[in-house]
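Two complexes are shown next, each including chain A; its partner changes from chain B in the first to chain C in the second.
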Partner chain A sequence: MWLVPKQIETLWTLFTAPVVWAAHFLVCYIGAAIYCAKPELVGLSFTAVRAGIAAATVIALSLIALSAWLAWRQWGFGTDDPPHDDPTRRDRTLFQGFATLLLSGLSFIAVIFTAMPALFVTECIR
Partner chain B sequence: MSGAVKERSPEEYKAQEERLRAVWANPAGWRYWTSVNNYQIGLWYGSAAFAFMLFAGVLALMMRLQLAVPDNDFLSADFFNQAFTLHGTAMMFLFAVPIFEAVAIFLLPPMLGAREMPFPRLGAFSFWSFLLGGIFVCGSIFFNAAPSAGWFMYPPLATDKEFSGIGADIWLLGLSFIEVASIAAAVELIVGIMKCRAPGMRINLMPLFAWYLLIVAGMILFAFPPLIAGDLLFEMERMFDWPFFDAARGGDPLLWQHLFWIFGHPEVYIIFLPAIALMAMIVPTFSQRPIVGYSWIVLAAVGTGFLSFGLWVHHMFATGLPQISLAFFSAASEAVAIPTGVQIFVFIATMLAGRVIFSTPMLFGAGGLAIFVIGGLTGVMVALAPFDWQAHDTYFIVAHLHYVLIGGMLFPVVAGLYYYYPLIDAKKLSDRLGRLAFWLMFGGFNIAFFPMHLSGLRGMPRRVFTYPAEIGWDWLNLISTAGAFIFAAGVLVVGFDVLRPKHRQPRGEFNPWNAGTLEWISEPEENWGVRSIPIVRSRYPLWDQRDLARKVNEGRYYLPDAEEGWREGLVTTVLDAEPIQVLRVGGTSHVTIVSALSLGAAFIALTFHWWIATALAAIICFCAVIYWLWTGTGEIPEKPEKDAGLGLSLPLYASGPDSVGWWAMFITMAGDGTAFASLVFGYFFYWTIHADFTAGIAGPDAVWSLLAASLFAAAWGLMLAARTFNRRGATATMRGLLVLSLLTTVAASVTGLAAPLSPGMDPTRHVYPAIVWILVIWVLAHAALGTVMQAYCLARSLAGRLTPKHDLDLSNVVLYWHFLLIAAVITFAIIGLFPAAM
Partner chain C sequence: MSRYFSLSAASLLLASGSAGAQSVARTQSALEPAGAEAQQIAILFWVMLSGGAVIWLGVVGLLLHAALVNRRRLAEKSAVRVILWGGVVFPSVTLCALLAYALWLMPGLRPFAQASSAALRIEVTGKQFWWEVVYHPPQGPPVASANEIRLPVGERVELTLKSADVIHSFWIPPLGGKMDMIPGRTNRLSIMATKPGIFRGPCAEYCGTSHALMAFSAVAMAPEAFRSWLAVQAIPAEGAGASGGALFLRHGCGSCHSVAGTDARGLIGPDLSHVGSRATVAAGILPNTEDAVARFIARPDLIKPGSSMPAFDMLPPDDIRAIAAWLRGLQ
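Moving on to the complex of A and B:
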């Protein structure tokens, strides 16, 4: 499977899903703010903004799902239960996988939270 | 790497111990204050923060007296304004944030099984900066010159010199100075936690306190720089009339609100997470079992750290932003309740799974959590924009924020004080006084602050200095005042308990609470942190590794000696904590005090526009820092490796990403880059609010701009080449390239200056030239610093302190140049090309 990245040894993978959340949040906020400040710039309707948010949300959720799957793999597909507190490289890896999986879950929910206003707000009212 | 482990005679052990003690000893007499040891710095830092807290508390009591009855004239309106501004400012900047830098500096090294933080002198510098800045800001009230525009200093009130005198400058410059101290502490904490843990302490075994502090230090790095950028804009407006927040000349007060709250909301979690971190240490001890859900706590800490950056606009719900923007922030504000709740459930689960001992620390912890939960629930209420429009700027908010901060921060801190006091003095604080203090504080707090919800819902606005009798706020305020004094009595009991003489009390046992984590090995009488650096195999080594404490104290682990007379610790890998280097850290020194005080003097002189004094102080500071770097960093060791004990031989020098210095530079520049990004945000913010943000003013010349960017890129390329040639041993070529790069940088700076200068942009005329100028000045100031670094490397090379094998200085400077290049290219591309593209 060349599509699936190899397992890498770094602390930074822990932050993948929250970074995706942050990027999605900024895209939604900045996009809507610019549209509401300068609607003539792009010449589209607010529906287009909502569609854009929907697209960004689908991309963000897919990325988080991928990060969750990678984390699940790092966690050994759940073969071992926490607390993962043995002084071994294996338990350290399992801990990383589990914590990353939990963060992916939280980020998934938070992205949905961020996207929900686009369901209800239909114009740039202040 | 390994050899035979030698058995040593008792005399040899004794000699080792004496050498180690001598190396780590504090100087005697007045030179005691030049100590940089983490115990002293932590203790001073914490004591100073508590003193500022008591000062700010007295201001609060004065305000409560004033508000006790309607139409009171105990305080004048102006003094009341100064009092509440200074109360909020001091509690936030001089108590809540620094107390955790203090606790972290004090606790982290022993908790991680390290001897010291990686940059002890930086910690000392941070403390002295904080102390001077704090005294300056607080002292202003005795001269009737304190800031008076509220702790978030909103323009246009705070930019108007008629309504806010020198107090606003004192706030801006005094606090900018303290923010520098916080960022210095953050650098120290991140590097310390990632690189200086005891061997074997893999990240799945790290104490939760360290996890929290790692996240918090990262948050400081991204939260404080936007405020520093905001302070810069603000002070340019006050000092030189650049109209960043003046609507008449294209500015906008809302930009300040954005920058302030991008800092201000994460700040709440920067305060709250370390307090919860203390709870994560206390709860397992008094449940006598490991924490339930370690990974869940990590989830909560990281999750809260991120989400807290998506909340800032909920302080601006009433400013007329588009509803969709408000809704995004409302959603994130609700989402942050999830990780916050997880932590509380983890504590409850741990208590249920163990046998709980109800001690004084647990009492304060549990009481604090109960208060915090109430504050959290009102937080969920005000996170809803329609409710917030009703409650905005009323006493409901005052009640909410005090429930969150006192429950989520002050009570856990007092819990931590009762828990960790034996590490300071080898004696416990009084259980009876502790319980008395708790009930006074818990009762007094609720009596003081619960009625504020009601006075807020009855429409009482915050920050009024008095109110008429007939609107139904009087008895609520009277109750609040009574409660505030009961609460203060509780705080006094804690203060008395800490300060009362305890010499008749016998010395307590080691580890009096039977805790499981490493910090309880350290002895208050010794300065070395740990007698020898242990190998850790558990999350609770004192519970699971039965002979660990004995073997540590017998010096049977790493670095039990100081043969060469250096203060030494181990550097380990990030994930698995495998030892990779013996790190020699700086010892006792005056240079930290001189640099902190001269930097402070520069800021203070600037407040009063004493230009010559400012320049003099800045020059002294510059010389002190150069002296500090030259004599105390990047030292070439007398031998490449040393025996660290247990048959392990480790290098004494590292350069590039393997070294702690490189990480410190990287982290500092990440913060610096955030401040730059905030200025760029400002540029585009002005673009969004105006139909034509240039207001018809001719912008920077595109050719000059692009030329400047190219010259900066060339200077950067020369630096890369210099590093490469140095590593190949071509020292002369490296020196030539350094000189060439320096000259190119000067040319780039002159060209960059020409970009806004050639069309004659006047920064006082309109915000567009002002924001262009500030971006250019930012890059040029960094370029000037870059040339100093180039000259420094050249001098180090000529002095034989920078060699092909020992190139720490050069590789750190090249790292700086990566960031400088990014800032220069972005700046000149934006100012030169963006107006034409729009």
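Moving on to the complex of A and C:
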């Protein structure tokens, strides 16, 4: 498990999943927009664009799953129930872990919704 | 206004002898589809509505149950389970299914991407506050018209949508979905009427002072009737040589309007070559009568605020009457 980052207490981990969601959204939409505006510039078929979106989606979902697992660990794997509202270091850590876990879930679903058009739309104009 | 429209629209259909007495619809409702695309959109609407209704009934039922029937507090474990399944899993799966259904419909609404292109292409350009229409049949030269779109029933038509000034949106609710007309861009829309009828198409994107007064009529007619109508439109109207035409030219109307068969070749305002045959004038807002045409010539700003056409009420009333009568005669 040496690949898994050590547990650190920072607010930045809270944003990881939404940032991955935003990056995935931009990659999908900007990629498709550039391809459909200037297909000759890219020189690939629309199938390649769909494959690219699929790859971006797999990467994004993996990163979000990792972020969720780290959050779950920070939340103590669910040993304590919310609300974590005592003014203690432990409650602050658990609260942040739980909030990160929820944001990871939201981002996971959002990434799937963003990628879904590529499943059905087979050409630029339909 | 709508009464005028339906009266003149009905007379138009009878005159064209196309759809005849069989079901002549005249609606602007997406819930009464008369086209293949609109049919799919209507089904999508009913699926979404039923899904929403079932969920709403479920939520209200649970609320009533919790408030009236069983007021016991749930154990913390079961409460968490209710939130997880009812508040997270169920909405996510339901939204996913509805989104998948809507996305699955999309390729079918854009059939023109297929190799076989539509037989007829109609180019429509939105302008403040009217519609320029040019028919591009597979054979023969383009045919110019305005503020009315005719299409053959049972045949796929491709619409090329443009705008000359601001963003407009093209929409014939009973025939298909709406599509924006964006300056500097060409959008495509495909529709296939399945029933004859006359439908109202409104501008569906706020485009200025008279946005609400920018409409057109879409006439779906039998294919043979459509083709003979288009052949008539391609040649100058019989009445073009009549006396009112001289007044039309003398008072400068020809610098903005075109009338085939005359020296009027203006391109700023609507093409009036066959204006007498249209159901309405002033882009779908006035009945096509001599009186209405005369009123519009005298004070277009009163009928359509913000219109580019200047008032001509300084002309002798007799001249205005004569021009209106001549225009009505351009069948």
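Keep this in mind: the second predicted complex is superposed on the first by the 125 of 126 C-alpha atoms of A that agree within 3 Å, B and C clash if a C-alpha of one lies under 4 Å from a C-alpha of the other, contacts with A are read in each partner's own complex, and residues count from 1 in each chain.
Keep in mind that, in the parts below, a residue touches a chain if its C-beta (ideal position, glycine included) is under 8 Å from a C-beta of that chain, and two chains touch if they have at least 3 such contacts.
Just so we're clear, the structure is a prediction, and the values are computed from it rather than from any experiment.
Of the two partner chains, chain B is the only one that A:Ile34 touches; chain C does not reach it.
By the touch criterion stated above, A:Thr13 is placed in contact with neither chain B nor chain C.
When the two complexes are overlaid on their common chain A, residue A:Ile109 makes contact with chain B and with chain C alike. In the overlay built on the shared chain, the residue A:Asp91 is in contact with chain B alone; chain C does not reach it. Contact comparison for chain A: of chain B and chain C, B touches the greater number of residues. Applying the stated contact rule after C-alpha superposition, one finds that A:Asp81 touches chain C and leaves chain B untouched. Of the two partner chains, chain B is the only one touched by A:Phe25; chain C is not. Contact with both chain B and chain C is seen for A:Phe120 once the two complexes are overlaid on the shared chain.
Where the contact sets of chain A with chain B and with chain C meet, they give residues 109, 113, 116-117, 120-121, 125-126. Only residues 194, 200, 202-205, 290, 293-296, 298-299, 302-303, 305-307, 309-310, 320-325, 327-332, 334-335, 338-339, 536-539, 574-576, 688-689 of chain B touch chain A when the two sit together in their complex. For chain A in complex with chain B, the touching residues are 9-11, 14-15, 18-19, 21-22, 25, 28-29, 32-34, 36-38, 49, 82-85, 87, 89, 91-92, 94-96, 98-99, 102-103, 106-107, 109-110, 113-114, 116-118, 120-121, 124-126.
Those residues of chain A that touch chain C in the complex are listed here as 81, 105, 109, 112-113, 116-117, 119-123, 125-126. By the touch criterion given at the top, residues 76, 80, 88, 92, 95-96, 99-100, 103-104, 106-107, 109-113, 188 of chain C touch chain A in their complex.
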